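Chain lettering (A, B, C and D) follows the sequence in which the chains are written, and residue indices restart at 1 in each chain.
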Amino acid sequence: MDLREMARRVEPGMLLALPVDYAGVSMAMTKPLIEHGAGDLRLFCVPTGGLQVDQLIGAGLVRSIETSAVSLGEAGGAPRFNQAIREGTIAIRDATCPAIHAGLMAAQKGNPFQPMRGLIGSDILRFRDDWRVIDNPFADGGDPIVLIPAVKPDIAIFHAPMADRHGNVWIGRRRELAAMAYASAQTLVTVERIVDENLLASEMSAAGTLPSLYVTDVALAPRGAWPYGLWGEYPTDTAEILRYAKAARTPEGFAEYMASSGASSMASSPATSPSRPALEPAQ
Amino acid sequence: MDLREMARRVEPGMLLALPVDYAGVSMAMTKPLIEHGAGDLRLFCVPTGGLQVDQLIGAGLVRSIETSAVSLGEAGGAPRFNQAIREGTIAIRDATCPAIHAGLMAAQKGNPFQPMRGLIGSDILRFRDDWRVIDNPFADGGDPIVLIPAVKPDIAIFHAPMADRHGNVWIGRRRELAAMAYASAQTLVTVERIVDENLLASEMSAAGTLPSLYVTDVALAPRGAWPYGLWGEYPTDTAEILRYAKAARTPEGFAEYMASSGASSMASSPATSPSRPALEPAQ
Amino acid sequence: MREVHPREILIATIARLLDGVRHVAVGASSPIPAAGAMLLRAQKKRAGAPPVRLSILGSVEHNFFTNGSAELFDCAGQGRIDAFFLGGGQIDGRGNINLVGAGEYPGSTPRWPGSFGSAYLYFVVPRVILFREEHSSRVLVETVDFTSAPGTSEDGVYRTGGPAALLTGKALFSFDKTRPGFTLESLHPGHDLAEVKAATGFGFAHAGSPKQTEAPDRATLDLLRGQIMDELSETYPDFASRLRSETAA
Amino acid sequence: MREVHPREILIATIARLLDGVRHVAVGASSPIPAAGAMLLRAQKKRAGAPPVRLSILGSVEHNFFTNGSAELFDCAGQGRIDAFFLGGGQIDGRGNINLVGAGEYPGSTPRWPGSFGSAYLYFVVPRVILFREEHSSRVLVETVDFTSAPGTSEDGVYRTGGPAALLTGKALFSFDKTRPGFTLESLHPGHDLAEVKAATGFGFAHAGSPKQTEAPDRATLDLLRGQIMDELSETYPDFASRLRSETAA
């Protein structure tokens, strides 16, 4: 499976679930998504967004975003996101991390909603007309509690260390990636490597495996989280994120950055073509 | 930590969470629990019970049980359970597997309840005055849905392949064991072996590890699930379970079986005696 | 060609009932449903049709789950399980099932193990096949003593699943949820309508002269006695060797 | 003995504020709270007191979680996290915090990252320490422009947690939820009441002549500059080396 081919599964208006920066962001898919050009996307950040979200917004593909935060971490605010918010060009639904997880959990369980504590009296709740507050039916009266409706993304996209030839994906202790897949209609995964052994064959590897039952497509993309790091694999390239943060302060700088080799090599290198088995990291 | 010492944490009237027969039943703890003698216990089966439950009932330690089923699998009905039900000497709250999981999930999330589909029109629901039915607030009207209240066991008890010296326990893909621990105030674990390496130190083993944060005590008990099997370790000793099923048809037969060496060897074997090297976790 | 074993009829019938599913789950001690699902999977593979996924609960070989015993129910709730099998100590004419016990609850005598996941799966798995080899008025009753899960639900109750068929050792019934009630589809070889009526505690619709349940053709029987028994014996060695010895007679 | 660095005062103060906790969690980029927690952990260990557990989010070294990014919130909901740190672009006199942005929502200018888990953790972690080094009327405002999480809740709202203290680069405040409002506990060395009043956008209670924030004693300072900086540099190498060079001057 080639990254461009995988990107074609995304259709205009779809709801995309994307993971937090340290869990396994498929940065390798960012450029193919932009080149594919399906717009009007609704992003659902699990539970926060960063570089990928900022780049999709900068490319004009995003209609709305639901998230608990968007930032570039040590590199500061997310410039394309911040400008879009300032100018009102995207709609935002501010959430809080456990509410994001609650929406996915409701979908995972086939439930219409999931309750959660907190939130009462916050402006997050005040601006969320899609959430409900009921009185806890198990209390003697009063005890308001928020209900978060199920969130069923059309597509979840993430990056993981490995998959096997059956389509099972090893996600380790990053269980939010499983939660995203359970909740989503389709799940697209890029991986560092494809292994020969069946990941479900040993209890040790099975414990951290998302079964192929939940996986639509897998594509090879070594260093596919770059410039983010991947747990257990490689660290974050902070210098590159700082370089992006600086460049993307203006739309022009953003466009230049995205057109530059650093950003595009992930998509255009022979590495991601189906004819090449061995892949080079983008540098 | 010695099994008898661990059993002393159980106090009369406590709510105990016990796992399904194939997930890792700490059969090694059954005899110490009976010898300790704390009665009036309320059992919560996750999500069904078997040999251990039948033996605790047979020993007269159980006041009530909540479960989706109790059986000895291929060996048929659970004789002490069935007699207790027939004679009304224990109270039963019949459930269905996902309702059991829902109660634990509510506790895991710090929620007062968790919704679940199904159940409407069943006699399970009709006899559960601790459950509630509300109209789904996200529907236009109607759409009844059951709310299961949080279940917070006093103690969860299970058996796992290994723990490390920090008290981290490897549970593999048996995530219901983690759910039990999250929901419970205390968690007592017996293991096949104690390993020297920190289970959280590698991403591969960490993926299947319940952190010591949730673990109260760990004790060594080789073949501690016997006569049940333990996934990835050893198979079920069906002949022994059949032997029990036959013996336990009468209270006398049950008493003889429990007094026999087969049943007591797990508690008295040198492997679990206090004279062996101390295997207490850091916590 | 040797005579077809009654259980081979059941297995082949289950394969037909499952036609079109993408993912079927079967319980840990359900060798006949598992064999039926394996048969369908092999047939689809030979025909180059989309693959059939089979999850056998409690099996290590056929366990595609990695999130504990809740995952089956989550998976069903997500609409990812197309078919499942339920039995019951009692099944009544409205498709209600009782896995808890006979007589007055809670002092049920006899007490059966309990409802397991039936009170959920019966609601959310589109094609539930009620399977019970024993066909007697003890099992197939007018009204169950305890409803582990109802056969139908009122309008407005969330329900994406329910009974599609009832298969016993004597006959195959379909389920009509509008009546609600069962319709006799076919009698297995060696059984007649009068016998089935006498052995059934509830009324059911039927044709004047019911069809006979279709026996597996030669190709199906070869597949069943070869590859399927090999696959089955990995998980159900006792059942497979017993059936093998009985069909080799 | 060299002069005490202002950040060493903060770290030692945090250790004191955390006294008695069993489990404290800190955010990924919170070196001062982490150092404070490490200091307390080391002090308790030396004193033979019950251990203090420290979880640093996003750290591999100090990550005790294995259930994805939801586990922190689950763990807090279970009552297993005794203390946490929150900051905010704005903090007001009623303990309300704003992590979303200044000006009218949703077109906030500037827009800050967002509320993260604050709208939950502020409700369920018993001892939340508001920590923000910048002490200015831009940050400490009369009323926040957007309430990511409120400082207090009405009776009848489930709330087991909330603000215990506000620590800035200039002063330490406690929080009185009955008023609700902050009380100045102490001024850090080099800061006076007039300066703090001018830099604080909300009113607060205070003594006529406020105390000075306690500086770490020699044993604490030795521990901090030795073992704690070693531990800290594993997770926050840049912060630790900067602080080391500044205290070595």
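One rule holds in what follows: a residue touches a chain if its C-beta (ideal position, glycine included) is under 8 Å from a C-beta of that chain, and two chains touch if they have at least 3 such contacts.
Bear in mind that the values here come from a model prediction, so they are computed numbers and not experimental data.
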Furthest chain, CA centroid comparison against chain A: C
Contact-richer chain pair (by C-beta pairs counted) among B-C and B-D: B-C
Between chain C and chain B, distance of the C-alpha-averaged centres to the nearest whole Å: 30
Computed distance of Cα centres, chain D from chain B, in Å: 40
Distance from chain D to chain C - Cα centre to Cα centre, in angstrom: 60
Centroid spacing, where centroids are CA-atom means, of chain A and chain B in whole angstrom: 37
Multi-chain contact residues (two or more partners), chain C: 65-67, 73, 77, 124
Multi-partner residues of chain A (each touching 2 or more other chains): 98, 105, 109-111, 116-117, 136, 143, 145, 173, 178, 206-209, 231
Chain contact graph, described as a line, ring, star, complete graph or other shape: other
Every chain pair in contact, whichever chains are involved: A-B, A-C, A-D, B-C, B-D
Complex contact set, residues of chain A against chain C: 107-111, 178, 182-183, 200, 206-214
Residues on chain D engaged by chain B in the complex (per definition of touch): 23, 51, 53, 63-67, 73-80, 124
Residue ranges of chain C touching chain B (in the complex, touch as defined): 28-29, 58, 60, 65-71, 73, 77, 99-101, 105-124, 146-150, 153-154, 156-158
Residue numbers on chain B that touch chain A, as the complex places them: 98, 102, 105, 109-117, 132, 134, 136-139, 143, 145, 147, 149, 161, 171-173, 203-209, 231-232
Residues of chain B that touch chain C when the two form their complex: 20, 22-23, 46-48, 67-71, 73-74, 77-78, 81-82, 85-88, 91-92, 94-99, 101, 105, 116-125, 127, 136, 142-145, 173-179, 231
